[in-house]
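Across the two complexes that follow, subunit A remains constant while its partner is subunit B and subsequently subunit C.
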Partner chain A sequence: MLSTLDTDLRRTALSADEVLAIRRRRRWSMLAVVAALTVMVVWSIDVTVIEDTDWERMGSVASVLESAGRFMGVDWALFPDLVKPAIETFMIACLGTLLGVIICIPAAWFGAMNITPFKPLTYPLARLMMTLSRSIHEIVWALFFVAVVGLGAMAGIFALAVRSVGFIAKMSAEAIEDINPGPVEAIRAVGGNGFQVLRYAILPQVLPQILGVIVFEWEINIRRSAILGLVGAGGLGLVFFRQMNTFNFPGVTTVIIAILGIILVGEVVSYFARKAVI
Partner chain B sequence: MKAANPVEADRAALPRDLHWQRYKYPESLYSYGAWIVVLSFLAFSVEYLSIPLERIPAMFERMAAVIASRYYPPDIEYVMDRDYLDYVVQTIQMAYLGALFGLLLSVPLGWFGSFNMTPSRRFVYPVARLFTMGFRAVHEMIWAILFVSILGFGMLPGVLALTFFCAGFAGKLFAEEIEAINMGPVEAMRAAGANLFQTMVFGVFPQVRVAFTGIGIYTWDVAFRAATVVGFVGAGGMGWYLKRAVLQIETERVAAIILSIVILVLISEVLSAFARDRVMRMK
Partner chain C sequence: MPILEVRDLCARYTRSGPEILKDISFDVEADDFFAIIGPSGAGKSTLIRCINRLVAARSGSITFDGRSVTSLPARELRSLRRDIGMIFQEFNLIDRMSVMDNVLSGRLGYTGNLRTLFRAFPRTDVQRALEMLHRVGLEEHVDKRADELSGGQRQRVGIARALMQGPKLLLLDEPTSALDPKISREVMGLIKNMAQEFAVPCLCNIHDVNLAMEFCNKMIGLQDGVKMFDGPTAEMDQAKLDEIYAMEVL
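Right, the complex of A and B next:
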């Protein structure tokens, strides 16, 4: 079995000495990269784990295990109180994804090189939108929207929507850039206008892919919406934080189980949705 | 009927069921039904969460007003401070370690969790899948909170939270990558009498090496994004500054910190894209 490296070298038909020289050079550069990475590891471990950790507070292994053991057990009495926040979390994720998809439409349209209406302005604008949306963590977005629209589900929906725009728009724009130009030309040739080109030539080609991306993002949004309560945006996160602050550790475990439950529901739904789409 | 257009005349002459439709009778019903169910569920959600739809237009005005009056101008001096830059370096280190340990953990997870290469489909595969899903399902902030409550404040819980997060993230991608390999070399290795480990190292690994490196770099990128906020719950890094500024309602500092996070993430994204490009070209 030849590795990909060997086949690549073979194709260029170099002499054996040249091949060996290239391999040697590659080996040295690999070695340099590995050495740099190792130095980083040692330095990072020294700073983060050895210096920065409060070893005394942590105590012995036994006491760490003891504090971990507090989370064992399930607070069954909490379950009835979790139904409403769980439904809320699920709905926040759904609406957040929907709003994200709506915001995404102009973003993907402007951000695809081949259909962007005015290249020097709209393309960078859409790219900026995508990067901004992806680079800011959902917690930070939620903080911002809580400040703007107040506590509650609305802030969570907006945070999730803005956060999911980046990924959906990026994937959709890439899908649009990869389309087969044949149908576009065909629609243009029979006199279709811009909207008709979009509707009959581009959309049918990219729709299955985009729907898959949306379902994927929706699944992630369920995970995200479960923590938005930490900053006051409603749902299970709020209950989680309340249990944590009252040191009801079995309750914390219960909330995590509930989160896993709704994620499982999401996964099942997304499995069927994906099968239906593709 | 005039039938001036021969094409129209032809089409009218066709039997009814030859008209093209994406979905035929029973499927069309299912597809409409699915749309109706989804849309009515979304409408019901709006109702259930009692979202004041009529307030949304006014909100944009308010948003602009809030940004202009409170978050602008960002307090740039605050983020150029020496202490803050130290925290930035720590965040990078935390992300690096978390990604590294997570990747180390995710290689066996990917191996055992790939349906074609797992040592035992009945026992090991579901267990590995369960672990990958569990790591992924719990959000990194929840991992951070749990580890902070067990180990105390500091960067160790942050590193561990990122480790778990990255293990789930990369484990799933690794497993998918292994499932997509060409089985020829693997079968050849097996036929030549190689054991499980040898098949993995010589049959599978050369095929996925480049993809794994790409995924690894991407994982670091994602871990860095997560690392900027795990400090929010006391797990080290610049998130702690963010939390402090938020609690003190120093909005101009918050704006500066968010700005610094965006710039750092942009830099890391560019670096990761560059590194992935290099790795792909080495292929």
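Right, the complex of A and C next:
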């Protein structure tokens, strides 16, 4: 802003009045922008904070602190009840990732420009699958599958599988597009068919990279499966939801600790697994 | 009767693109070590890839072992490729697989999809692979990964893979260009010995004229897609070479 002003002044010989007029105009437009932003912020605060908050229930600062304080402490009695949901969360993440990988096989095959079987149809189809998978949140996928297959872990598995396709298939397809074409030529030259080219010339080149991506997605899926229970799709999230509904706040803290625990386990396993394959 | 007959071969990569090969004709006999020489960009690689149809010819005919290469449907094309071994400038090995797997991949044309999936080759193939590796002097490296080998060793794996096919013709695409001069001569010698022993004719792209003169009995010279010379190696002389490589000086 300042630099354009300087060049304006330098370009022509201006009188003091003209310079002041230009500067005044700039000042007013700046003020208008700031005023517009201020109005928008104030309006947003009014709608979301002032009107939407139950001020009477919140009470004084002391009572807010007291409410937060209810979460302090751990409900040790809950621990035995967490073992099964924790294992379930873990299993949902594993099976969801596995199913996702299976769906990824056609998605990556169709979505890699150099091996897609019928470019005008299969390539856009695969890209659509990947985009759809990633642009819908896992909670929304879970709500959809809860509606389709009912409450329980199966809905969670489907939600994670579908949500995982986008990333795994995209990274795999890109790895396939970047291969060295020499071995492909060699396997075709010995009389190999399409499947043999895939198995011998393409798969060995991309497998380590794809395994790394799968492990990474699995780690993310542990995080995701921990909250899927909020919408009834099984695992720790369901326990979390129940503690919340029964106002057992130390219980909520307990579940959060459990979630942190399994995520930590996932991260450690993922770190070593990825180091091993790459 | 020649094993390979090429007549009036023309090739281009795109419909409107430049003509890479212009009316090339030549014959390869059953006991030939046949060289294709010429400067880079002359069309040597394209020509050799037309023989096993890694590149489709635009017009002309190629007859290999009594079969017309240019008109085969996919399945028969694969069985034709089984009979033609190919050795590449950059070796084109599968780096992450073992030397043994690379040599066995020469049998893929004879192997079903289920066996391919599990890399379960029959015992006879494994025995044959061991014998081939012994012949190219890599018996110590059977279980090493292909990317652990040196350039010369990698090309020996390429030779073993091509011979695993039991080919009736070997296509060599600049087999020594990625190697140093000493190793180049060794590798050419090995190819020539193996070809003689298995009675396989060779068609070899090569830009090193000295190597071509030393190892090949016939040659054609290409310049910008046009055949400039066709005859026994003995008839090639400096004047003709100068003509073929004239473009490269510019």
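Just a few scattered comments:
Please note the rule applied: the second predicted complex is superposed on the first by the 212 of 278 C-alpha atoms of A that agree within 3 Å, B and C clash if a C-alpha of one lies under 4 Å from a C-alpha of the other, contacts with A are read in each partner's own complex, and residues count from 1 in each chain.
The rule is simple: contacts are C-beta pairs under 8 Å (C-beta built on N, C-alpha and C of every residue); 3 or more make two chains touch, one makes a residue touch a chain.
These figures come from a predicted structure and were not determined experimentally.
By the document's definition of touching, of the two partners only subunit B reaches A:M91; subunit C does not.
In the overlay built on the shared chain, the residue A:I45 is in contact with subunit B alone; subunit C does not reach it. Once the two complexes are laid over each other on the shared chain, residue contacts for A:G182 go to subunit C alone; subunit B is not touched. When the shared chain is aligned, subunit C comes close enough to touch A:N193, but subunit B does not.
Touched residues of subunit A were counted for both subunit B and subunit C, and B has more of them.
Looking at the shared chain after the overlay, A:N245 reaches neither subunit B nor subunit C.
Once chain A of one complex is fitted onto chain A of the other, the partner contacts of A:S15 are absent, as it touches neither subunit B nor subunit C.
Of the two partner chains placed by the overlay, only subunit B lies in contact with A:T53; subunit C stays clear of it.
Comparing the two interfaces of subunit A, the one with subunit B and the one with subunit C have no residue in common. Within the complex, the subunit B residues that touch subunit A are 34, 41-42, 45-46, 48-52, 55, 59, 62-63, 66, 70, 90, 93-94, 96-97, 100, 134, 136-139, 141-142, 145-146, 149-156, 158-159, 185, 188-189, 202-203, 206-207, 209-210, 225-226, 228-229, 232-233, 236, 242, 246, 251, 254, 258, 261-262, 265-266, 269, 282-283. Those residues of subunit A lying in contact with subunit B across their complex are 1, 3-5, 8, 26, 40-41, 43-45, 47-49, 52-54, 57-58, 64, 67-68, 71, 87-88, 91-92, 94-95, 98, 131-132, 134-137, 139-140, 143-144, 147-149, 153-154, 157, 223-224, 226-227, 230, 234, 240, 244, 252, 256, 259-260, 263, 276. Residues 52, 54, 78-82, 84-86, 88, 90-97, 105-111, 113, 116-117, 161-162, 165, 171 of subunit C touch subunit A in their complex.
Within the complex formed with subunit C, the residues of subunit A that make contact are 182-183, 185-193, 195-196, 199-201, 204-205, 207-208.
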